[in-house]
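Structures given as structure tokens follow.
After this come two complexes, each holding chain A, first together with chain B and then together with chain C.
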Partner chain A sequence: MHYRYILTGLMLTANLAIADEQVVVITNRDVPVETLDNNQVTQIFLRQVQSWPDGKTIQPIDIKEGSALRTEFYSKVTGRSPGQLRAYWARQAFTGMGVPPRQAATEEEAERLVQTTPGAIGYVGKKEADESVKIVLEPDKTAP
Partner chain B sequence: MRMSGFIEHIFAPATWLSGRLSFSRKFLLVGLLILAALTTLSVPLWQQSRNDSQLANQERAGLKVLTQQADTLADLVELRSQAVRRGDSKKVLDKNHISAGLGMHIALARDNGLSAQAEQLERAWKQILATQGTCDAQCAFASLTGVINNLLGLTRETARHYRLNVDSQLDATFDMLANRLPLVLETLAKQRDALTINNDEMASYALGAQVVLSESVPAMIAGVSQLMDKYPEAGDLRPRLDSLLSGITQQQDIADKVFADPSGLTELSALASANTELAQRLLNRAASQADHYIELRIGRLLRTQIIIAVVLISTIGAIAYLFAGIYLSTRRSLMTLSKGTDAFCRGELGTRITLDTRDELVLVARNFNTVATEFSRLLDVIREQNESKQRELEHLVRERTAELADKNQQLEAAGLRVQEELNLARNMQLAILPQEFPNEAGWSVSASMFPARELGGDFYDCFALSDGRYGILVADVSGKGVGAAFFMAVSRTLLLDLAMSGDNPASVLSRANDLLCERNPMELFVTACYGIFDPEDGRLVYASAGHHPPLRRTHQGNVAPLPCSCDIALGVIPGMEYCDHAAVLDEGDTLLLYTDGITEALSASGEAYGDDRLAEWLAASGGDEAAALVTSLVANVERFVDGAEASDDLTTLILCRKTRSSSLGHPSC
Partner chain C sequence: MDLPCRHALYTKAWAIKTHTEISMPALSRSFARTSIMAALLALASPSSPLANEFSDSFHVSAFGTLGLTHNDNPSTGILTSFAQKKPAEEGWSPNLDSVLGLQLEWRPLESTSVVVQGAARAGDDLKPMLRMAFLRQDLGHGFSARVGRMRSPLYFDSDVTEIGYAYLMTRPPIPLYGIANTVSYIDGVDIQWRNNIANAVVLAQGYYGKSGYTHYLRNFDSEADANLEGIHGLAISLITPHVTLRASRTWANEYTLRSDAITQLNQGTVLLGGGLRAMASNPLLPAGMAAALLHKAQQVEGFANPYDNSPVYTSLGFDATVDAWRLLGEATQFDSQSQMVGKYEGYQLTLGYNFDEFTPFVSIAKQRRKGDSLDLSSLAPTGLDPTIDAGLSQMQAGLAQASQYADISSRSYSLGVRWDFHNNMALKLQYDRIETPSAWTPGPFAVTTLPIDNKVNLFTATLDFAF
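Up next, the complex of A and B:
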């Protein structure tokens, strides 16, 4: 039990550290868009828009709940808290209207999945974003 | 009368048509009209029944599809439950089996024109297959709920396609089967699974879904009640429905308490699971009972069609049979009447017609028999009268025949007498003509006369005058028969008396002409050639009164008529003067006097003997014997005539002056 508390404390510390990092929205290099706005990204991650302009399926890559980057992303981009997000997906799941995006365990896995999955879109810390992906939105820059 | 005329006026077209059709065509026309009427009345009924049957079959097919879709729904619900529980289930499910079922529904939906629903269902199921193993419980719940929602939508559209929603008898039942019960089943299962996920948000939605159940209760009650009303055998649905409704009510009670006591969620999940099974059983049983009911309805409709067809065919058959019987009976009666009439007309007057029917034709036959009987009776009367008249006639004929026979006998007797008298007269006529002729040493004469009838008008004569000369005479009285015979006798007597005076021929003929003209009441006349031959020197003095000139054959065989003036016949013009002519017959010469009976004798072919043939005969007939020459001439003419009836008296006289050498060898006659 002590190890669990210690681990939790470490994770919170890490999250706080990441939370200071700027989040960026990245896509696979083949995605036929260069920039997206907050509204478009919100629709994509709420599965309200499911295909790119060229008709290919959008594959949103989420990060597991509990991640500070995830909280920051949804807060800055969609304006939804984790509780609101859970309620949204519970309603979608109960009514069968949609399933939540695929979830990566870590930021690195999310970036890797975006790199390797055609039509994928995800979010990572700005430092993690390299040339292998395409940054289509930097919420901190667009935020008023 | 006015009513009768009105009726005739009304039925005039039908009467006109009937008068122009034979019996067979009349029956055929009426039969066709009845057939058309029956068909017109029956076809709509039959078509309605057939349409109802087709609709019922369509509904049954739709119900079968609904049942299959409900089975797939149950599998999907169970799959979702397993996915949520992560394999914690007693039932082992095969995704391939579900895929096959969904594939069948998708294909059928495409065939039925429900492509949009088919595409959505297929896409949702493929997404599940694609995300298999990468989803958490809620994700799997959401994915399978999406598939189930698409299947429910397809079920509703399938019901519309098979017109289950517009069935006038089971619309509520089909709404329950295609819409409400699947939705209740899915909601109950979703409540159970949502509560299993152990998520506060999901639990709240599960509680919120309770309203779906409450709203579906009236529709389920209406559906079951309607089916039980139409199909009392479906009464076992009522306790099942009551159990389900009771469970739903219990769920509502628990849901009401959960807000105060969240521990009730576990109980609610268990109750939802139990109610899911109740709903599943109710759905299966209701679908089965509805199928039985539709099957019975199809059977009833089929029986209705069969009954309509049988009634129609039987009616048509009965009418056709009846019409055929009437036609054959009438035709047989008419043929019997016709044959009887024909036989009667052929003379079989005993013919009577007997019909074994009871229609109006019997009256016709009876009238025919009455007419035939009366006709026979009248005929017997006429026959009897005829026989009586015939007997009278025969009697009269026999009398008349007897009279005629008597008259005939009298006539025959008279004829015989006349014939005898004619024969006597003929004999007397011939008797007054000389039958013996001089046949002297220096000359001979002979003559003959053959009358064309019993009595002739020709005559000849040869007589010795007082001075040693001989008179020769040939005459021909006009006409034939008794009158000519009498005139011949008078003329001969007169000429003989005058010639005996020794006067020259012209004087004799002149005097005879005057006397005959005085006593000729019948205005007959006579041609004559009279000559006086002197045997001593062969001198001949002759005169002719309209007669043929004499023919002379010299001893050299030359034949020529003697010169002769063509004077008028005796008895025609009084006071006539005739001319004498003289000729000398040398030894060996032959003189021929004849009447026109010789030259005008006709052969069987109508050819006349003629002057030329006579001259040829005379030229070829040398000799001194006048009798032989007369016989030869008569035979020659007979050969020429060859049995033909003589047209005139045939008379000839031949005088031969013998040569001295021959006269020495023959004695005088």
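Up next, the complex of A and C:
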């Protein structure tokens, strides 16, 4: 019985650790912007804005649903819950007006795709972001 | 792309292929009920297309609503459109909201896609109907084009009306959308242009095409073929991160409604018109009276095909999400440019608040007939021929009654809650009170005789899903 409590506690701690990790928005180094605000990133990840200022296509890279980082990103940056997001994409997909962003299985894969895909933008935990990508938004710093 | 990543994508592609193979036999059996459920269950996995990577070129996705509605009114059936075969009659019924939909998307190139979507509604005996079948091509510089069958763009929520999972309430308000839902698709072409302006995105959509449906005339106990030709319009949306504003105006050059009952009416106008012309040709009549009879004959013959019109649909709506609040509103105008069908103005306002997985909401909607009612003074008796006068009186009474049945004025008050209890699934409970202005106004209800009890209380429970 004790083991079960300990295990549950560890799992909760692990989840909180992930959820507490600061999320940052990163882009491919060739993207012609240095900073973005919450509204701009929201428009990009909802695929309302589809091109960079130089006319090149934006390639948003999402992380699979169920990831604590994804929930944190959408909550902090877009203010939308997972349910609201799913309803939004259901509308886009089933009315033929849009498709969701490409999805990476993990943070590591998201960062690799942002590194290697021209025009890509994604989000990772702050610890994951290295010199190979540009950090364009730190929601925790911009939050009131 | 490095090898582990490629392997992950390959594994993903294999998973999709496997799911596709499982679901394809179900498709080939043309939406048989159990097969649809099997296909949906096969799709209900983490690798379902809504959650898929776009590197896969073939996507299968599905949506659906399993719903039950209780109607407390024995004199009216409830419809979401006039093209719905079976209304939700008194008692419990799945006919109002239950639907299963399947969508296939093939993207051979990043800029090209082919989408086919079918839906089967309980209110139409689960008969499969094609909702979308188009080729989409991105043209560059923010332009894209679609050719084929597209969901209707008439009002703000016309395209999402039967995709319950994508909508806050169980359905868009019936008073406004009863008429708009009836035109569920357009066969034709649309051009979309998307551009960033300051911190907003402007999306302009121009469209041209035609549509058609079976219109159920409950008062005649018959059905009619409705066709809309030369549909053209423009929708402009201003999209900001938290608010979408949309204005649209759609014209149809010609709306025609044909049925056996209308053919009989047309024959009556020909007979009466012929009788009046024969009377006018009597050389003993004064010239002025003969001319008046000829004019009356023309007016009588003008009542042929009385439901034909040239409708104009106008919508101005918004959808705002601010923190946990959600506010939707829309003002609409439907102008048939015909005295029989009429002109209508309406609005709806919906407010929701998101508590984690729960979103309670309230909504009001109203649509009222404006302008002149059908002028039947030209069918007044002549006082010259009892047989002709009897025919004129009969036609006058028939058209007066038909005009009464054509009044779709109504209003609704709704209260409900949406519970996003599971990934891609939501449960909704909703209460609606819908009423028409009087017992002699059928509104959007399925009515066979007048008068009716013009107040309806509906209780609906739905399970919505999208995979």
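The working rule: the second predicted complex is superposed on the first by the 129 of 144 C-alpha atoms of A that agree within 3 Å, B and C clash if a C-alpha of one lies under 4 Å from a C-alpha of the other, contacts with A are read in each partner's own complex, and residues count from 1 in each chain.
Simple rule for what comes next: contacts are C-beta pairs under 8 Å (C-beta built on N, C-alpha and C of every residue); 3 or more make two chains touch, one makes a residue touch a chain.
Note that the structure is predicted; figures quoted are calculated from it, not measured.
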Winner on chain A touched-residue count between chain B and chain C: chain C
Considering only the touch criterion stated at the top, classify A:K56 as touching first (chain B), second (chain C), both, or neither.
-> neither
In the overlay, answer first, second, both or neither for which of chain B and chain C A:R86 touches.
-> both
For A:F94, select first, second, both or neither according to whether it touches chain B, chain C, the two together, or no partner.
-> both
Overlap of chain C and chain B interfaces on chain A (superposed complexes) | 86-87, 89-91, 93-97, 99-100, 102
Touching chain C in the complex, chain A uses residues 38-40, 42-43, 46, 48-51, 64-66, 78-84, 86-91, 93-97, 99-105, 109, 112-113, 116
Any idea which chain A residues touch chain B in the complex?
-> 86-87, 89-100, 102
Which residues of chain B touch chain A in their complex?
-> 131, 134-135, 138-139, 141-149, 190, 194, 199, 201-202, 204-206, 209
Parts of chain C lying in touch with chain A, wherever the complex brings them together | 1-2, 5, 8, 46, 49-55, 61, 63, 101, 103, 105, 115, 117, 132, 134, 136, 142, 146, 150-151, 159-160, 163, 165-168, 194, 196, 199, 201, 239-242, 321, 323, 354, 356-357, 359, 420, 423-424, 426, 466
